[in-house]
Each structure stands twice: as C-alpha cells, then as structure tokens.
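In the two assemblies presented below, chain A is common to both, partnered first by chain B and then by chain C.
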Partner chain A sequence: MDKPVNNRAWFLVMPVLALVAFSALLPLMTVVNYSLQDTFGGNQFFWAGLEWFEDVVHSDRIRAALGRQVLFSASILAIEIPLGIFIALNMPKKGVWASFCLVVMALPLLIPWNVVGTIWQVFGRVDIGLLGYTLTKLGISYNYVNDPIAAWITIIVMDVWHWTSLVALLCYAGLQSIPDAYYQAAKIDQASRWKVFRYIELPKMQGVLLIAVLLRFMDSFMIYTEPFVLTGGGPGNATTFLSIDLVKMAVGQFDLGPAAAFSLIYFLVILVISFVFYTLMTKEGEAL
Partner chain B sequence: MTQITLENLAHSYLPNPSKDEDWALKPMNMVWEDGGAYALLGSSGCGKSTLLNIISGLLVPSKGRILFGDSDVTALPTLERNIAQVFQFPVVYDTMSVRENLAFPLKNRGLPLDQIASRVAEVAEMIGMAEILDRRARGLTADAKQKISLGRGMVRQDVNAILFDEPLTVIDPHMKWELRTQLKDLHRRFGHTMIYVTHDQTEALTFADQVVVMYDGQVVQAGTPQALFDAPEHTFVGYFIGSPGMNLLDAKIDGDAAHVAGTHVSLAKGYGPLKGHTQIGIRPEFMRLGTGDEGLPFKVNRIEDVGHHRIVRGQVDGANINVVVPESQPLPADANRVIPDPAHIHVYTDDWRVDPARQERAA
Partner chain C sequence: MAAVAESKGRGAALVMVLYLLFLMLPIYWLLNMSLKTNREILGVFSLWPQNPTLDNYRTILTDPSWYMGYVNSLTYVVLNTAISIAVALPAAYAFSRYRFLGDKHLFFWLLTNRMAPAAVFALPFFQLYSSIGLFDTHIAVALAHCLFNVPLAVWILEGFMSGVPREIDETAYVDGYSFPRFFVRIFMPLIASGIGVAAFFCFMFSWVELLLSRTLTSVDAKPIAATMTRTVSASGLDWGVLAAAGILTIIPGALVIWFVRNYIAKGFALGRV
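Take a look at the complex of A and B:
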C-alpha cells in the first residue's frame, strides 16, 4: 500500500516536541551546562571542560557507590524475578480467591515509597519494632543501625516486599493469556510440569518478563527514598547508593559541577544497561 | 489399541445438575470398536467436544464409566490413557522447531532417538513439511501450525485412539481434502481407532466408516453413512445428513395410510396406533413432481440448479418441501403436485422414527 507523504504532518507532533523540550530536554541541557563549567555563586561561570567528568570517573567514592548499586540491583533482580514467576504460577486462575490474591498482591504497590521506608524503619527497630525486637529476643544479633549486613538484608527484604508483586502481577497477566488448549495439548503429549513451564508458560511470559526486568532494573538502580528513610545511607557508607551519593554531592556539598557530570554519567549508565538488557532478552527470546 | 466402551456415561458442567437441560451429555451407552474410523457429527454445542474430552481424560464424567478394553479408566488422567488428540485451533510449541514439535510426544515417552528420528521423518513427509523441519514453529501460518498439531497427534504409533476435534477448521479448502485423504490413508495403514468430531457432514461422510450423530447431549444415531441416509432414526439426523435435508410433514397415521393436509398418502408398511406429535419424513431424492391429481398439492417457489441435479423448493400446506430432480429428468413447467415414494417414507413420533416391525413385536 502506498502511504501519502506530507511533511506538514510534522506540525502535528510539534506540541509534543515542545512539551518534551520543556519537561526533559531543556532541564537536561542545563545539567550539561553545569557539568562543563565551574561556579562560585553569583551567577558567574568559568569553563571547566571535561574536568568534572574526569573527577567523577576517577572518584573512589563514586566507584564504591556504583559497586554497591550494581550489587543491590543484581540481588533484587535475582530474588524478585524468580519469586514473582513462582507466585504467579501458584495464584488461583479464577474465582473469588483470584480476586482476593490480586488485591493483596497489589497492596504493597499502592503504598508511597517513603511510607514503605518508614514502615520498615519502625518494623526493624530493636526497641519497639516487631521484627527487630523479636529477632533480638530470639538471640539473633540484628541491628540495621550499626551492622552493615543487617542494613543490607533489611533493604533487600524491603524491596522484595515492595516490588515482587509487580513482577508477579505482570507474569500473572501473561499466564492468563494462554488458552486452555495449550495445557490440554501438553497433557496429551505427556509433557512434565517442568516442560509445560519451559515450553508453554515461559515463552508466553517472555514479553511481560522483559518489561518486568527493565522496570525493576531501572527502578532499583535509581532507588533513593526507601534506603534514605530507612538507613540514610549508613551505617557509614554501607548503603549509600548512587542517587543518595548524588543528592549529598549536589544539595549537601553544593558541588554543582561534579554533581551534574555525575548525573549525566549515571543517566548514560542506566540507558546503556537497559539497552543491553533489552537486546539480550529479545535475542534470547528468539533463541528460547 | 483397544476397544472403548462408554457405560451410562453422563456429564454436567454444573455441580448439582437437577433439570434435564443441566446435562451437557445425557446418559449414554456406546462402544467404539478397535480400529474403527468414527465421525462424531452434530451442530455446535451438542456435546461433541465434551464427549471427546471425557474419552481423552481431560474431563472426568459426572456419571458412568469408560472402559479401555476391560479396564476402567474413568479416573485415570490423560497421561496414563495414551491417547492422542488434535484440537480445533493449532497448538504448537512456539520456541521449538518443527522437528522438535513432532518429536515432543515421543521424547516425553522416552523412545530411543533413532526411532524418534525415523518416525518424525515419516510424519513430516505425510504432512508435507519434510523441507521445513528445522524452521522455528513460531511465525508459520495457521494452517502450517495446524498441520504440525495433526502431525503431533499421529506421531505416536502405540496410542489407544486418535481424537480429532474439528481439526480442519483453520485449513484451506483444497488442503482440507488432501489432509482428510491422508488421515484416511493413515487409518488404513495403521488401524488406529479414530474419532473425528465435525459439524460438516461432507467431512464426516468422507472420513468415517461409522457416523455418530449427536443432538442435544445425546447420541441419536450411530451407523454407516448409508444407514443414516436411508433410515434416519431421529428427525435431526434426517435434517442434518443430506443436502437438502429430509422433508417433514405433520401427518395422521392410520394403518398403512398417512393423512397429510387432507390428502391420502399410502405407506409401504402398516403402523399400529401412535401417540404424540406424528410426522412423515421423505428425503428430497425420493419425491417426484407431478401435474395430475396424484400426490400432495405443491406450490413451487424456487428452482436451484446445482449442476448434476436441480433442487425445487416449494410448499405443501405451508410446510417447506424440497424435491431433487436429476438433470436427466424433465421439469414440468406446471408442476402442482409432489409424489413421495412409499418405500422411502418414514414415520416419526416426537422426532423419533417408528419401526413398524418393532412396533409389532412390542404389541
């Protein structure tokens, strides 16, 4: 079919372009502007070139934060994706219990992030928190305020509690779209439970899994509110992730130049890793 | 391979069936002979698929038993029944190649690899996919996928029966004919019991030795295509088999005479007293047109020439009647009568055929 070519159609996308320009492009360019200059206030700027970028790349502090960030995202993906699939597979397919499960599963997703942080902050306290108090009474040494391992475990469990539902609900939707005939055919073909999962359910979930992995990766890589409320980045720097470090640098120390360079690199890292995930998973999907 | 027996089988999808219409399958007894080619024919929603799923074990019947040979399999899961089934819409394992799809049921049964390979090659040849065995199943056309489904159904040699649930719905017409011929051929070569569900009478009559007609949750007649044509046990069979279907006229029966709309029609046999709604049924092939006073008054509405014969559509006393006139016979322009052939008139009460011989024995 021939499609008519009319360049005036570009005018129709102008409003969107204008909106995106004001909401994303212009602020981003301001950041670029800061990242290349130095200022001592008073709206006076000096050209700094790539100095800030070099500083950020060579900074031990930021490298350490990046390491923690990668470890965190990898941990929660390794837990939430399989757990989400497992929950979705075991949720009832229809009936009252299906609705009940859906509501219960959706609940954590509806809680504001800083409230989630506060809930776990209180929950884990050794003096009044149900979890912290119980563990301590049981003789288990647990104190997220001064023990880095306890702090990490708490943050990971909190994130799993908060976000596994998202993965489970996406997978559940994927599973619901599989016609009954597939399961019947698998029975006729005498396929084992594992083979049903491997050859019917997993391929049909592939699309939603890609979305789930991307969303969970991006969100976890940018995580700020919950660890900030729970541990404030401590003990020491044990749970200082990239965004917490960035805020410290930009707002705490008012190092606008390095913070701007940091932001841009941060943004590029997320973009590149997301792209890699996307490419790998679509390729993998074809090979699956 | 084995004989399949249904004993007082009934099924309802409701937990507590009380009324007659709650039952998707009404109690039935039936024997599927080992090695038979059966067609299960009926309109949509008459319980064909339910019956099929009960035989394959995807459904557990509410009542009755299923026997494979002498062993009761009613409670056995599909896995242990060793049955192949092909569904209406294609089911393929997207991520596997055509070859892996065909090999899947054999692999699951743990057959040696060389046997799997030779069997897959054979089936691939049969469904015409030998060239594309290494293609990924995803992205094939719907009828190619359905051919894979058919292939997976036929790949196992040791199955007790192969069930087809309207398998050619998504297939091109010319391909349909070809695949049906291949199924028939397969049946001849390997002698599997085959049950073929369809609502298409041509499909049923060309495929099967025995046609089982279902209507409203029950088997109304099972027999050879010829028997179904000659003596439909139920008005639904008369209507469903044949094109056009059997003509039905309300009638009063008195011995060997029927009174239709004030006209006397003689019957080949005598009948005893009948109760209920009585009708006579005559196939359009056994009526001829007339111009005199003989036969039933007939008003011609329309004549359709379908090639080797003509179908004259008209009315007798307000009831629609079709008459088939062979191409060789002249069509009287002033036809105002239809004359039924007494030897082919059947009498029905409340939709069931009355057999005068049996009536006599009962009396």
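Take a look at the complex of A and C:
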C-alpha cells in the first residue's frame, strides 16, 4: 500500500504540532535550561556546565533508585507476561461468558491509579483489610507499612492485579486471529498441547507480545502514583522508584539543577526504548 | 472448532473463575467498606456489611469540598477529550493517507510523548502554567494531559482510518466533494466507532492520571484524585468515605466498558492490534 506524496498534508498536522510543541517542547527546553545552570534564588542563574549531570550519575541515592526500578520492572515482567499468556489461553472464545470475562478483566485497567493504590492500601491493612487480616490470622507476619519485603510483595501483587489483564487481552486479540484450520491440521497430526502452543499459538502472538512487553516495561519504568499512595516510597526508601525520587527532588526540595539533569537522562532512556518500540511496531505493520 | 472446544474444558473455566475472583476481591472489599460506618469498619471484622448504610455516599454527594472534586475532574477530562479528538482527527487522516516531508519522524516524536514520564514534566508544567496565569484552572490540566492523549488519539484514529479503503476518498472527490465536506459528511461517519474508542481512551487516561493534575491545581480545579490523597494523609482517617469516593471514581469506566470491550486491547496498544 503506497501512499501518495503530498506535502500539503502538513496543514492537517499543524494543530497537533502546535499543541504538542506547546505542551512538550517548551517545558522540555526549560528542563534543559535548568540542567545547565545554577541558581541562588532571585532569578539569577549561573552557568554550571555538566556539573549536575556528573552529580546525578554519581549519586548513590539515584543509583539505588535505579536499581530498585530495574528490579521492579524485571519482576513484574517475569510474572505478568507468562501469567497473561496463560490467562489468554484459557479465555473462552466467544459467547456471553467471553464478553463477561473481557469486561471484568478490563475493570482494573480503568480505575484511577491513585484509587488502585487506595484499594490495596485498604485491602492489605492488618486491622481492617481482608488480605492483611487473613494472613495475620493464618499466623503469617505481614505488615507492608514497616516491613520492606512485605511492601515489595504488596506492590508487585498490586501491579500484577492492575496490569496482567492488559497482557492477557493483547494475547487474546492475537489468538483470535488464528484460523480454526490450523487447529484442525494440528489435530490430524495428533500434535500435543505443548506443540500446538509452541508452533501455532506462540508465533501468532509474537507481534502482540512484543507490544505487551514494551508497554509494560515503559509504564512500569515510570510508575509513580500507585506506590506513592500505597507506601509513599517507604518504609525508609525501600520502594522509592525513579519517578518518586524525581518528584521529591523537583517539587519537594526544589533542587532544580539536579532534578532537571535527572529528568533529561530519564527522558533519554525512555527515548531510546521508544525508538526500539517504534521500529518493531512499524515493521510488524509492514509485514501484515 | 472441535479441537479448541475439547482443549478448553473444565480446567480453563476454573482458571478463569479463579483469575476473575482475584480481580474482583479487592474491589469487593472497597465496596463492602463503603457501605459500613467507621465504627463497624474498625470494630467488627465482617465479610459483608452488618447494617448497610449509604451515609458515606451521602457525605460525598452533599459536601462541596468532595463533590466539586468530581466536577473539576469531569470538567478537565471532557475539555481534554474534546481538544485531543479535534486536533487528532485531521492529523490522523494526514498520516493514514499521505506521505509528506518528515512524516515518520513526526509520528515517532508523537509516540515519545505518550511514553514520557509525567514526573519529568511536573515541574516545568507548573512553571509554564504559573507564568501564563493558568495555574489552578481546568484548561491547564486539559492542555497538560494533551501531552499523552493527543499522540494516543492520533495513533488510534490512524489505525481505524487505515482500515477504510482509499477508493472512498477518491470517489468523493470525483463527485465534487470539498475536503471539509467530505471529511465531516462521509469520512467521519465511517470511522465513528474509531472516534468513539479514541474518545473513550482519552477520557480514561485523563481520568486516571494524578501526578500532573495534582501538580497543576490547588483549590479551584482540584481533581477528585487529589481530594482523596489529602484525606488519606489527614490524621483522622475516614475509611468509609474514602472507600465510597474510590467506588465513585470506578463508575465512569464501569458504565461504558461494555461498549468498548472488543477494542480495549486495541486502545491500550495505541491502535496497533
């Protein structure tokens, strides 16, 4: 499908361009500005060069936050991707029951992120939460407020609860595109369940799985609201991820220079990942 | 079909039931709490409310400092959805129908905005909107949310538009339709479901976002999400009201979910499934 070249199409894109330039480019330039300067208040700025960038790269606190961030993203991917595939394989193909499953599964995806945090904050409390209360009654010591391990487990379970359905729904969409003839052929060949999965279903899900992995990676990499509401980054700094740390620095302490340098590095990381995402997604589109 | 039906027997149904239970349990618990009084929440541990009461909901719906949160949220969310769809429609048409100088780069640049961490933009947004006197207004939050919603709308609409054969455009032009008239009269009805899906996702992503909307508001445009966090940090925790407020924020999504159930994967994957 080749499209005609027409540079007047730019007129159609202008409104988007103007709007996004206003809401993305302008603020981003402010960030670049701050990242290279120092201020002692009173709107006086001094050239600081790459000082802030060096600070950020060498900061133990930010490195620790990055470590926690990577660990978190890796853990939720390791759980959500296989679980999502498993759920998708077990979903009914059609009928009212299928629609019902779709609707219930989508529900967590549409809940405001701070309410997700609130739901789990309440659910996990030892005194009034179903989860915390039950675990305590069973004799398991669990308190996400002052035990770092419990806090981590709660945040991971919360994320699995919140986002596994996205992976499952994407895989389900991929599975739906497999013609029945494939399954019939496999049945004639007496292929085992595993072989059907390995040689028919998995290859067909490749495209959507890629999208799922990248979306989950990026969104988990910038997670803010849910852990902020649930644990506030605590106990101590145990669940302070990159975004929480950044907001603390920028809005809480008003450390403009370091926060801006931090932002730019953060943004560059995201940019590189976006590029991989874009390349893979558009290649996928051309193959179809 | 037979092979599929056989492989999906009772085991599959059991897996699904367990998974759906896992999803519903925390929501049920919130609903359960929202129907109890604070004394009952803290005093007796019970799986369902002993004396169901709607007092918590009454508190929210009669106290302006609570219900104005919903009004504020809805105001900027609707504004944002309208702006996003209005600017995204022509752009998506351009991307789906023509090649032009820098089109691929522009499309990619839009995507990076959808993927940008909101935390990076919190402080610059605060300064930008303060300096132009829009701090604590609905339009500021609506514009800020365009950062991720405009790219989302462009990508989703482009996906739907590419499914409409180009012959339709060409026939309309031959028949003497001007571009605006063709677009509004013929093309938009054809992609009506796409517009609906894009609008739904703009609505949703603006509704669930907290970081930017909280940073850009203080009193007059304070979203319900921020009203809730304030209550959590206050010393006297009103669990029942908090739970009721949470349940009320789930309702908009729950109401329309049925209509978009077949497009949910598409929307979250930016129109690429």
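Simple rule for what comes next: the second predicted complex is superposed on the first by the 256 of 288 C-alpha atoms of A that agree within 3 Å, B and C clash if a C-alpha of one lies under 4 Å from a C-alpha of the other, contacts with A are read in each partner's own complex, and residues count from 1 in each chain.
Keep in mind that, in the parts below, contacts are C-beta pairs under 8 Å (C-beta built on N, C-alpha and C of every residue); 3 or more make two chains touch, one makes a residue touch a chain.
Being a predicted model, the structure only gives us computed values, none of them experimental.
Chemist: In the superposed model built on chain A, check whether chain B and chain C fit or clash.
Modeler: When both complexes are placed onto chain A, chain B and chain C end up side by side without any clash.
Chemist: Angle at the Cα centre of chain A spanned by the Cα centres of chain C and chain B: state it in steps of 10 degrees.
Modeler: Between chain B and chain C, as viewed from chain A: 80 degrees.
Chemist: With the two structures laid over each other on chain A, which partner does A:K187 touch: chain B (first), chain C (second), both, or neither?
Modeler: After superposition on chain A, A:K187 lies in contact with both partners, chain B and chain C.
Chemist: Tell me which partner A:G129 touches in the superposition: chain B (first), chain C (second), both or neither.
Modeler: Second partner only, chain C.
Chemist: Who does A:P203 touch here: chain B (first), chain C (second), both, or neither?
Modeler: In the superposition, A:P203 touches chain B alone.
Chemist: Between chain B (first) and chain C (second), which, if any, makes contact with A:K195: first, second, both or neither?
Modeler: In the superposition, A:K195 contacts chain B only.
Chemist: So which one touches more of the residues on chain A, chain B or chain C?
Modeler: C
Chemist: Which partner does A:V96 contact after superposing on A: first (chain B), second (chain C), both, neither?
Modeler: neither
Chemist: Looking at the overlay, does A:L138 come into contact with chain B only (first), chain C only (second), both, or neither?
Modeler: After superposing on A, A:L138 lies clear of both chain B and chain C.
Chemist: For the combined overlay, can you note the least CA distance between chain B and chain C, rounded to whole Å?
Modeler: Shortest inter-chain C-alpha distance (chain B to chain C): 6 Å.
Chemist: Which chain A residues contact chain B in one complex and chain C in the other?
Modeler: Touching chain B and chain C on chain A: residues 184, 187.
Chemist: What residues of chain A sit close enough to touch chain B in their complex?
Modeler: Going through chain A, the ones touching chain B are 179, 181-182, 184-185, 187-192, 195, 199-200, 203, 288.
Chemist: Which residues of chain A touch chain C once you look at their complex with the stated criterion?
Modeler: 3-10, 12-13, 15-17, 19-20, 22-24, 26-28, 30-31, 86-87, 89-93, 99, 101-115, 118-123, 127-131, 133, 161, 165-166, 169-170, 172-174, 180, 183-184, 186-187, 193, 196, 208, 211-212, 215, 218, 221-222, 224-225, 229, 242-244, 246-247, 250-251, 256, 259-260, 263, 266-267, 270-271, 273-275, 277-278, 281-282, 284-285
Chemist: Please output the residues of chain B touching chain A within their complex, sorted ascending.
Modeler: 53, 56-58, 77-79, 83-85, 87-89, 91, 93-96, 104-105, 108-109, 149, 152-153
Chemist: Which positions of chain C touch chain A when the two form their complex?
Modeler: Residues in contact with chain A: 1-4, 7-8, 11-13, 15-16, 19-20, 22-27, 29-30, 33, 41-42, 45, 47, 83, 86-88, 90-91, 93-95, 97-101, 103-104, 106-113, 115-128, 143-144, 146-147, 150-151, 154, 204, 207-211, 215, 225, 228-229, 232, 239, 242-243, 246, 249-250, 253-254, 257-258, 261-262, 264-266, 268-269, 272-273.
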